[in-house]
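Which chain is which? They are A, B, C, D and E, in the order written, and residues in each are numbered from 1.
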Amino acid sequence: MAVGSFEFGLSANALNAWAVWILPFVAAVVIPGVAKFSKKATNGVAVAFALASAISATTLLPLALGNNEIHNQIPWISSIGLKAGVLADPLAALMSNVVAWVSFLIFVYSTGYMKGDKDITRFWFWMAFFVGSMQLIVLSDNFLQLFFGWEGVGLASYALVGFWYKDKKKDHVGIEGRRVLGLVDYYSPTHSGIKAFIMTKVGDIMMLAGMFLIFAFAGTFGFRELTENTAWATTMSAQHLLIPAAVLLFGGAIGKSAQFPLNEWLLEAMTGPTAVSALIHAATMVKAGVFLVARLAPLFFALAAIGINMDQFFEVVAWVGAITAFLLATQGMVHPEIKKVLAYSTGSQIGYMMMALGVAGLSRQFVDGYTAGFFHLISHAMFKASLFMAAGSLLHIVGSRFMTDMGGLRKYMKKTYAFMWAAGLGLMGAPFITTGFWSKDAIFAAVYESGNTWALPIFVLALITAVMTTFYTTRMIGMVFFGNKSKHVEEMEKEGYHIHEASPSMWIPYGILAVLTIGIGVVGLAFEHQIHDIFTEYLASAFGIKSDMANVAKESQSVLGGFLEGVNPVALVSSLSAFAIGFGLGYIFYIGRFVDSTKFVNSNIFFYAIHKFFLNRWYLNALIYWGFVVAPLYFARGVYRYFENIVIEGFNLVPEKTMAGGARIMQATQTGISQSYLYVFGAGILIVVLLLLI
Amino acid sequence: MTNALIDFVLVSVALLAIGIYGLSVKRNAIRMLFAVEMIVNSANLNLVAFARFIPNSQGQTLALFSIAIAAAEVAVGLALVIVAYRMYNNIDIADFRSLKG
Amino acid sequence: MVDSIFLALSVLTIGSAIVALEIRSLIYGSIGLMLTLSGIAGFFLLLDAPFVAMFQLSVYVGSIAVLILFTVMLVRRELIFNKIEDSRRRYAGIGLMIIMMLGIGTIIIGSGLKSMETDTASVDYKKIGEDFLTYYSPALIVMALILASAVIGALALARREDVTSDQRAD
Amino acid sequence: MIDFTSTPIILTMMLGSVGVIIPVISVARKEKGSSLYGGIAFAALISAISFVGYQIVSKHVTPAAIFSKNVLVDDTFGSFFAIAMLIVAIMTTVGSFNYMRGKTSPAVYYSLILLSSIGMVLIAYSTDLVMLFVAWELMSIPTYVLAGFAKKDPSSNEAALKYFLFGALSSGIIIYGISIAYGITGSTNIGQVIAGFSKLGPDMTPLALLAVAMFIAGFGFKIGLVPFHMWLPDTYEGAPPTISALLAAGTKKAGFAAALRVIIMGAIALDLNWAFALAIIAIVTMTVGNLAAIMQKNLPRMLAYSSIGHAGYILIGLSIAPFSQIGIQASLFHILNHAVMKASAFIAVAGIITTLSVSHIDKIRGLGKRMPITSLGLVISLLALAGVPPLNGFWSKLMLFGAAINAGSVMSWAPYLAVAGVLNSALSLAYYGWIIRKMYFEEGESEKRVKEPKSVIAVMIFSIIFIVGIGVYPDPFIEFAKSAVPALTNVTTMH
Amino acid sequence: MQFILLQAVFLPLLLSPVAYLLGKKFGPNMSAWFSFGLLLYCTTIMITSVFSGTYEEHYRWTQLFGEFGLLLDGLASPFAIIIYVVSTVMVLFSKPYMIAKITLQFEERANSQKQLIGGGTMIESSSLKNYVNNQIGAYFALFLVMAMGMLGTVLATNLIEFYVFFEVMLIPAFFMIAFWGYEAKRRVALLFFFWTHVGAVILLLGFLAIGLNAGSFNFADIKEHGIPQNILALAAVGIIIGLGVKMAAFVVHIWLPHVYRAAPTPLNALSSGAMLGVGAYGFFRLLIMLLPGEYSHFALFLNLWGLATMMYGGIMALVQDDIRKLFAYSSISQMGYIIFGIGSASALGLSGAEMMFVSHSLGKVLLFMMVGAIVLQVGTRSITKMGGLAGKMPITAVCAMIGALTIMGVPPTSGFMAEWTMFYGVLQTAIQQGSTIRMIAFGLGLVATVITMAYVLWMIKRVFFGKLPENLENTKEANWYVTGPMMVLAGFTVVIGIYPDIFFNQIVPFMKGLVGV
C-alpha cells in the first residue's frame, strides 16, 4: 500500500495521472488554434487527445487492481497553504476509466453527429473542457480542486446545453403551446442552459458551504488528510455541525446529479446536441454527484469507528435516491420526447445509485452497497450512453424529437434497432445477460440485506421503480421501432427523404457500448465480484472499513449454487418479477399494440388524471418556476418601481427641493429697499447683544 | 460735577435709537444723513462724557477725530446723493431698488 | 440729581432730533438738525470740554449743516417735502427704537455706570493737543489722508462730466 | 512719537504720497490716457509689497502681538494682512487697466484704491481703537466713492448709496462701541482695553458685551455677517466689478483683521459666551450666503453671496479661537486664500463684463471657448472657493473644519460647525458647478474667440499660479499664517 | 532607482497637457499611443518595485498635515497594479469608442446648427477632424489625470493626501461625464460630483477628527500613537459613511445608476473597475488599519450592509433593460460583496475581499468593454433590441463570457478565488464567534451569488444568444483596439483564477498581520 505517499512536485509515475485531466484541457486550448487552419482537423485533434487521455487513464487501472494509489501534490495557493494534487486510488482509477473511455467513444460519435456544424470549434472546445474538468473531479485530491472541476463541468454543461444559441424552433424541448399552471412547458436551449447552470449552482453553493465548514475545522481540503486525522470530525460532531456539513456536501451531489428536489434541470438539458446529452447528462457529469458521495461515504462511514454516528446523513442520501428514482420513473412513462424519456431514466437510475450508497452506510456491509452503487454507475454509463447515442441517431435521421413522429423504424435502421434493444435491455435489467440486471440486483440485495428500519419501504420503492423502468424502456423501443410509420416520417419520405441507417462513425460507438452491456452482463456476477474485491481491499486499507460481515453474508447465501453465488434470492426474484411485469405491460401497449395506449388513458378519469399529473412533472417544475423565477421577478420589478424609483430617487430630489426652496426664501428677503436692510441691521445689533448676554 | 454720567449716556442711547429709527424709516436720502449724524453725535456725547468721568483726554481726542471723519463722510455722502439726484431727479432711497433678489 | 440746564439741553437735543426727522420740510428739518448738534455742543460744555464743543459747533453747525442746507436748496422743491412713509414700516421702526432704548438703557442702568462719580478736575485741553502730536500722531496722518480722499472722491463724484468735457474741448 | 522706521508708517507714507500726487498729476496733464496712473499705482503697490516682504524676510517685524504702547505695532499679524491686502490691491489695480480705459477721472480711481489700501493695511497694524477707527474710515470712504464711480450707471450709484448708508451707520456703531469700551476701561489702547476687560466686575460685564456686540455689528457689516449683510449683494452687483473685487477681497478681509484685533481679543478677556454667539452667526452666515447664491443669475451677485458664505467659514476659525490652536491660523490662511480667489473671480468677471458686457449667467454660455484664459482662471478660482483639492481653498477649509473638530474635545458644539461648513461646501458646489457648466458644457451663441483683456489675463495667470501653487505646496503659507497668529495665551492666562 | 512611485503617480498628471497637445496636433492615434506608452511605463516601473517587497517614498510636505509619502505594501500593490493595468488597457479601448462618440456629437451639433440656420450646409470633414482631435486630446488628458488620482489615493500614506487624491479623481470623471456622456449628461455629472463629494467630505470629517486628535495625519504615526478614545466612534462612522457613498452601498447608491447610464463606457469601466474599488481600499487602510477596535465593533454591521447591498443590487440588476444600468446595479452588488468580505473580520475574508476587487475590476471592465463594443457596433443599449450577437461578434462574446464568469465567481476565473476565500472568511468568523447572524449572512451571501448568476446569465442570453434581430444582420466584430484589450484582461483573469498566488502572496500575509493571526 502506498497510502499517503506525500510527494512534492511532479513525480514521473504520477505524470500519467496528471495527464489524464490535463490532456483534455490542452486539447481545449489547442482546438481553437487548430480551427484557424482547418475546422475538420479539430475532429481529429479532439479524438486524439481523448484517446490519449483514455490511455493514460488505462495506465491507472493496474493500480486499482493492485490496490495501490498515486497521490502526488504540487504547491498551489501557497499563501494559504493549499496544494494541488492528483489522487488516483482504485475508486478514482475505475471512475476515470469509465469517463475516459465513454467520452472517447462519444467523441468518435460526435465526429459524425456534428458533421458540418459551423460551430464545431466551440463544440470541441467545450467537450474537451468538459472531459478535463470531469477527470479533474475524479482525480483531484482535495475539495477545492474538485470544486474547480465541479464548476468546470457545470460551465461546460451550460455552454453545451445552450450550444444552439440561436434558439431555433427545432432545438427546443417540450411541447409548444403547452402550459402547466400558467407557465409554458417549452424551453429554448439558452434558457435551458441557464436553468441547468443555476439549479446546479444551488447545489454547488451548498457544497461550498459544506466544504467550508469542514475546512474551518480541519484546516485542509485534502481527502487523505481528512481521513488521516479525524479530530476535526469529533469537534464538528460535538458542535452538531458534522451532519449539516455532510448534508450540505451532498447538496452538491443533488444538484449535479439532478436528484430531487433539484432534478428539473436535467430534462431541459436535453436541448443540447445529443452527443452532449450522452456524455454529460447521462454517462459522466451527472455521475459526478454519485462519485462525490462515493468519495465521501467511506470517510463518513469510517467515523463510526471513533463513535460518530452518521446514520442521518446516509438516510438522507438513501431517501433522496429512492424518491428521485421513483419520481422520475413515473414521469418517464408518459413523455413523448425520446431524449426526455432517457433523461428521466437517467435521473431515476442515478437515484438508484444514491440509494445504494446511502443504504450502504446504513448497513453493516458497507462494501456491498458501495459496490452495488458503483457497479450500477458503470453499467449505466455504458447502456445509457449507448441509448442516448442511438437516440441521437434517430433524431438526426428522423428530424424530430418526438417518439410519436417515429414508429416502425426497425426495418430501416437495423443496427440501431439491435443496439438499442441491447442497451435497452440493460436499462430494463433483463435477467442474467445484461450488466443492468446484475447491478440493479446488487442494489436490491444491498437494500434488502441492510437490515435498516427504512430498508423495506426503500426496497418497495425501488421495486416499483424497476417495474416502471422496464415499462418505459419497452415503451420507448416500441414506439420508435414498432407499429406504423408516423405521419411525420411519411411526409418526409414524400419530400424525397428516405430513412437510412446512421453513418458508421455514429453507430460504431454505441454499438460497442451496447455490446459491452451484454458482454459484461454475461459475466456480470464475476465482474461484480471483481469490483467488490477491489473495493473491499480499498476500503479496508484506506478507511479501515472491515468487510467481514460481507464475507459472511456471501457464504450464507450460496444456496443457489456456483453461478449465482452471492446473489440474494429475494432480490433476485423481485428483480425478475419486476422485469416481467414491466416488460409485459410494455409489450401489450407498445410492441404488440394490443391496446391503444391513448385510448386506454382517456378511458378512465383516474388514469387520465395520473397521466396528466405525470406529464406535468408532478407540477414540481411549474412550482419551482413560480416560486423562484416568476415571483422573485415580480418582486424585483415591484421593488424597482416603488422603492428604487420613488424612495431612493427621492434622496436626489429632497436636497434639490430644499435647496431651491431655501434659496427662494433668501431671495425674497433681499427686497432691495435700503430701509429694510438698515432695519435688519438695527435689529441685528439687538440680536447679537441678546446672543452675547445669554 | 453735578450731573451723573448715566444721564449723559442715556441721552446718547436715546439719540442712537432715534438715529437708527430715522435710518430704517425715512425715505429721503438727506434725512437719512441726518440720522447718521445723530448716531455719530450720540457716540461723541458718550465719549466726551466718559472722558470727563474717567478722566483722561483720550475720549475727547477720539471725539475730535470722529467729528472730522463725520464731516468727510457727509461730504462723500452728499456727493453720492447729488449724483443720484442728477440721474433720477429723485432722492428717495426707497425708490432705489433695482438691485435685489 | 438732575440739573435743570441738563434737562433743558436734553429736551432740546432729543426734541429737535425728532423734529429734524419728522417735520415735513427738509429745510426746517435741517434747522432741527442744527439745533440737535448745538445741543450736543451744549452737553460738551457741560462736560467741561469747551474745545470739543467749539469744534463741534464750527465743524458741524458751521460747515456740515450748511453743506446740507445747500444740498437741500439744490434739489427740486417737491423733494424737499417728505413722502408719507409706509405706516407698517413706521410702526416697526418706532418699535425698534423703543426696544433699543429700553434694551440698551436697561443694560446701562443695570451696570456699574450709575455709581460712577468723579471729583477730579477736567482734563486740560493742552493735553489733547499733546496727545495729537505724540500718541495719536500716526492717526493724524491717516486723518489727513481721509480728508484728502474724501475731497478727491467727492469732487470726482460731484463733477459734471458734460461740463468737464466742454472745458476740455477748448 | 512717530517711529519712522516702522513698516506701517513707511507704507502709509509711500502709498499716501503717491495716492495724493496722482490726482495732482492728472490736473497738470492734458492727455486722457489712464495707463500712466495705473502704472504709477502699480509701481507703488509693488514696491510696498516688496518692502513688506523684505521686512518679513529680514526679520524686522516683531512676532504677532496684541499689545503695544503705541497706536501701531509692526508685527507679523499686520504684515500678513499687509501682504494679503496689497496682493488684492495689486490685482485690482492691474485688473482695472482695461476697465478704466476710456473712463473718466482714472487718476482719482487709482488714487482712491491706493488710499483705501493704506486703510486696509493699517487696520491690521493698529493696536489702538482710535487708530483702528481712523484706518477703518480711510479704508471705507474711498470705497464709497469707488463703488459709485460709474457715474452714468444707475446701479453703481444705488450700490454706492446703500453701501454708504450702511457704512455710515456702522461707523457710528463702531465708534459707539469704542466709546463704551473706552468708558469702562479708561483707555483706547487695545492692550489696555483687554486688561481692563479682564478686570471687570460682574456689573460691568454686560456693558462690555454691549461694546463687543457693537463691534461685531460694525465690523460684521464689512465682513458681511448675517444679519448685517443685506447691503453686500446689492453693492457687489452694482459696483464696478473691479471694485467689487476690492470690496470682497480687500475690505472684507480688513474687516476680519479688525474683528480679530478687537472682537476676539476683547471677548477672550470677557467671557466665553461670545464664542457660541459667533458660532451661531457663522452657521447662519454661511447657510444664508450659500443658499441665496444657488438661484442667482447674475455673476457678481452670485460671487457676492458666495463671499457671505465664506465669511461664515472664516468665522468658524474665530469662534473656536479659544479652544483650538489652529482656529485663528486657519482663519488667517483662509482670509489670504479667499482674498486671492475672490479677487481673481471678480476680476475674471470684470474681464467678461468689459469685453462682452454681460454678467447674466445665461449669457456666458460657451465662454470657455470664447475667452479661454479668463474662463480657466474663473473656473480655478471657483473650484478653489468650493474647496476642491488640490487648490488652496481646500487647505484652508480643511484647517477650518479640522480646527472645529479639534475643538470638539473642549467644546461639544464645535464639531457641528465643521458639519455645517462641510454641508455648505457641498451646497456651494451646486452654484459654482453651475457657472462652470454654463461656461464649458453649453453651446454658446457664438464660438468665436474674443480678445481677452491683457490685464485680466495677467491677473488670471497670477492667481492660477498662486491658487495651484499653494494647493500643491501649502506649507510656507500655513507656516506664515501660523506665525501671524497673535499670542493668545497671554490673554487667556490673564483671564 | 529612486522616485519610482513619484514618477508613476505624477508623470501622467504632468504629461497630460502633452497628451492634449498631441491629440490636437496629430490626432487620436498619437494621443492614444502616447497615453498608452506613458501608462505602460508607469505600470511597469511600479510592478518592478512591487517585486522588492514593501516599497516606500517620503517627501517633505506640510508640518501641520504631515509628510507626502507613497507606500506600496501588500495591501496597496494589488490595488495599484489593477488600477494601472486597467487604465493602461482602457486607453486603447477608449480610442475607437471615443472617436465614434465624438463624431456622433459633432454630427448632432451640426444637425442642430443646421436646423438653426435652416440652410443645407455640408459638414466639412476638416472641421470634424479638428473637432475630434481637440476632444480626444482633452479626453486622454483627463484620462491620465484620473488614473493618477486613483493611484495616488491607493499609495497615499497620509490622511490628507488620501483625501486630496480621492477628490482629484472625481474631477476628471466629472468632466468626462459632462463632455461625452449621454442624455442628461450635465445634470448627471453634477449629481455625480455632488454625491461623491458629499461622501468624500464626510470622510474628511472623519480624517480631521483622527488626524488632529492623534496629532498626526500620517498613517504610520497614527497607528503608533493611537487615537483618543472619545472620537473613535465619530471617526469610524464618518469613514464608513464616506466610503459607503463612494462604493455606492445600499441606500447611498443613489448616484451610481444615473452616472452609469449617462457616462461614456470607458469611464464606466474605469470607475466600476477601479474607482469604486478605491473605496474598498479605504476601508482596509482607514478603518481596519487605523481603527481596529472600531472595526471589530462595526464588522458585523458592515457584513450585513454588504449583504443588503449585494442582494439589492442583484435584484435590481435583474429587471434592467438598459445594459449600462444593469451593470450599474451589478457594480453595486459587487461592491456589496466587497463590503461583505470587509465585514468578515478574518484574514482570509479580508484577503478575499481584496481579491474580489481585483477580480471585480477585471470582470467588470471586460463586461463594460463588451458594452462599449456593442454600443459601438450595434448602437443601442436596450437589451430587448439585441440578441444573437454571439455569431456576429465571437471574440467579444467569448471575452464577455469570461468576464461574466469572473463576476459570477465560477472557476477557473479569478472571481472564484476571491469569492471562496471571502465567503470562507465569513463562515470562519461565524464559527469562531458562534454567531447565528453571521451564519445566516453567510448563507444569504451564497444565495446572492445565485442572484448574481441569474442576472449575468440572463443578460448574456439576451444579448448574445437567441434570435438575431433583422436590423443587426450587418453587425461586425469590433476592431482590435477593442478586442485586444479584452483578450488581455480575459487572459489575466483566468491566470489569476488558476494561480491566485500572484496576488495572494502579497495580500494574505498582510491581512494576517492586520488581523493578528
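As a convention for this text, contacts are C-beta pairs under 8 Å (C-beta built on N, C-alpha and C of every residue); 3 or more make two chains touch, one makes a residue touch a chain.
The structure presented is a predicted model; accordingly, all values stated were derived computationally and were not measured.
K.L.:
Work out which chains are contact partners of both chain C and chain D.
P.N.:
The common neighbours are A, B.
K.L.:
Need the graph distance between chain C and chain E over the touch network, please.
P.N.:
2
K.L.:
Taking each chain's centre as the mean of its Cα atoms, which chain lies farthest from chain E?
P.N.:
Most distant chain from chain E: C.
K.L.:
Comparing chain centres built from Cα atoms against the global Cα centre, which chain wins on proximity?
P.N.:
Central chain is E.
K.L.:
Let me spell it out: compute each chain's centre from its C-alpha atoms, then which one is farthest from chain B's centre?
P.N.:
Between chain B and the rest, the longest centre separation is with A.
K.L.:
Ranking chain pairs by how many C-beta pairs touch, which one is first?
P.N.:
B-C
K.L.:
Approximately how many whole Å separate the CA-defined centres of chain B and chain D?
P.N.:
26
K.L.:
Quick one: chain D and chain E, Cα centre-to-centre, how many Å?
P.N.:
42
K.L.:
Counting in whole Å, what is the centre-to-centre distance of chain A and chain D, each centre being its mean C-alpha position?
P.N.:
So the centroids are 79 Å from each other.
K.L.:
Calculate how many whole Å lie between the centre of chain B and the centre of chain E, each centre taken as the average of the chain's C-alpha atoms.
P.N.:
Chain centres of chain B and chain E, defined by C-alpha means, are spaced 64 Å apart.
K.L.:
What are the residue numbers in chain E that touch two or more other chains?
P.N.:
Not one residue in chain E touches at least two other chains.
K.L.:
For chain B, which residues are shared contacts with two or more other chains?
P.N.:
Answer for chain B, listing residues that touch two or more other chains: 9, 16, 19-20, 23-27, 33, 44, 49, 51, 53-54, 56, 58, 61, 65, 69, 72-73, 76, 79-81, 83, 93, 96-101.
K.L.:
Enumerate the residues of chain D that touch no fewer than two other chains.
P.N.:
Only 130, 134, 137, 141, 144-145, 148, 151, 161-162, 165, 169, 173, 183, 206, 210, 233-234, 430 qualify.
K.L.:
Write out all the pairs of touching chains, ordered by chain label.
P.N.:
Pairs of chains that touch one another: A-B, A-C, A-D, A-E, B-C, B-D, C-D, D-E.
K.L.:
In the complex, go through chain A and note every residue touching chain E.
P.N.:
76-80, 144, 147-148, 151-152, 154-155, 158, 162, 165-167, 188, 190-191, 193-194, 197-198, 201-202, 205, 208-209, 212-213, 215-217, 241, 632-633, 635-637, 639-640, 644, 648-649, 651-652
K.L.:
Quick check: in the complex, which residue numbers of chain C touch chain B?
P.N.:
Interface residues on chain C, with respect to chain B: 1-3, 6, 10, 13-14, 17-18, 20-21, 26, 29-30, 33, 36-37, 40, 43-44, 46-49, 51-52, 55-56, 59-60, 63-64, 67-68, 71-72, 74-76, 79, 82-83, 85, 89-90, 92-94, 96-98, 100-101, 104-105, 108-109, 113-114, 116-125, 127-128, 130-132, 136, 139, 143, 146-147, 149-151, 153-155, 157-158, 160.
K.L.:
Can you name the residues of chain B that touch chain C in the complex?
P.N.:
1-11, 13-22, 24-28, 30-31, 33-35, 37-38, 41, 44-45, 48-49, 51-58, 60-61, 63-65, 67-76, 78-83, 85-86, 89-92
K.L.:
Show me the residue ranges of chain A that touch chain B in the complex, using the header's touch definition.
P.N.:
Touch residues, chain A against chain B: 667, 670-676, 678-679, 681-682.
K.L.:
Any idea which chain B residues touch chain D in the complex?
P.N.:
9, 12, 16, 19-20, 23, 29, 32-33, 36, 39-40, 42-44, 46-47, 49-51, 53-54, 56, 58-59, 61-62, 65-66, 69, 72-73, 76-77, 79-81, 83-84, 87-88, 93, 96-101
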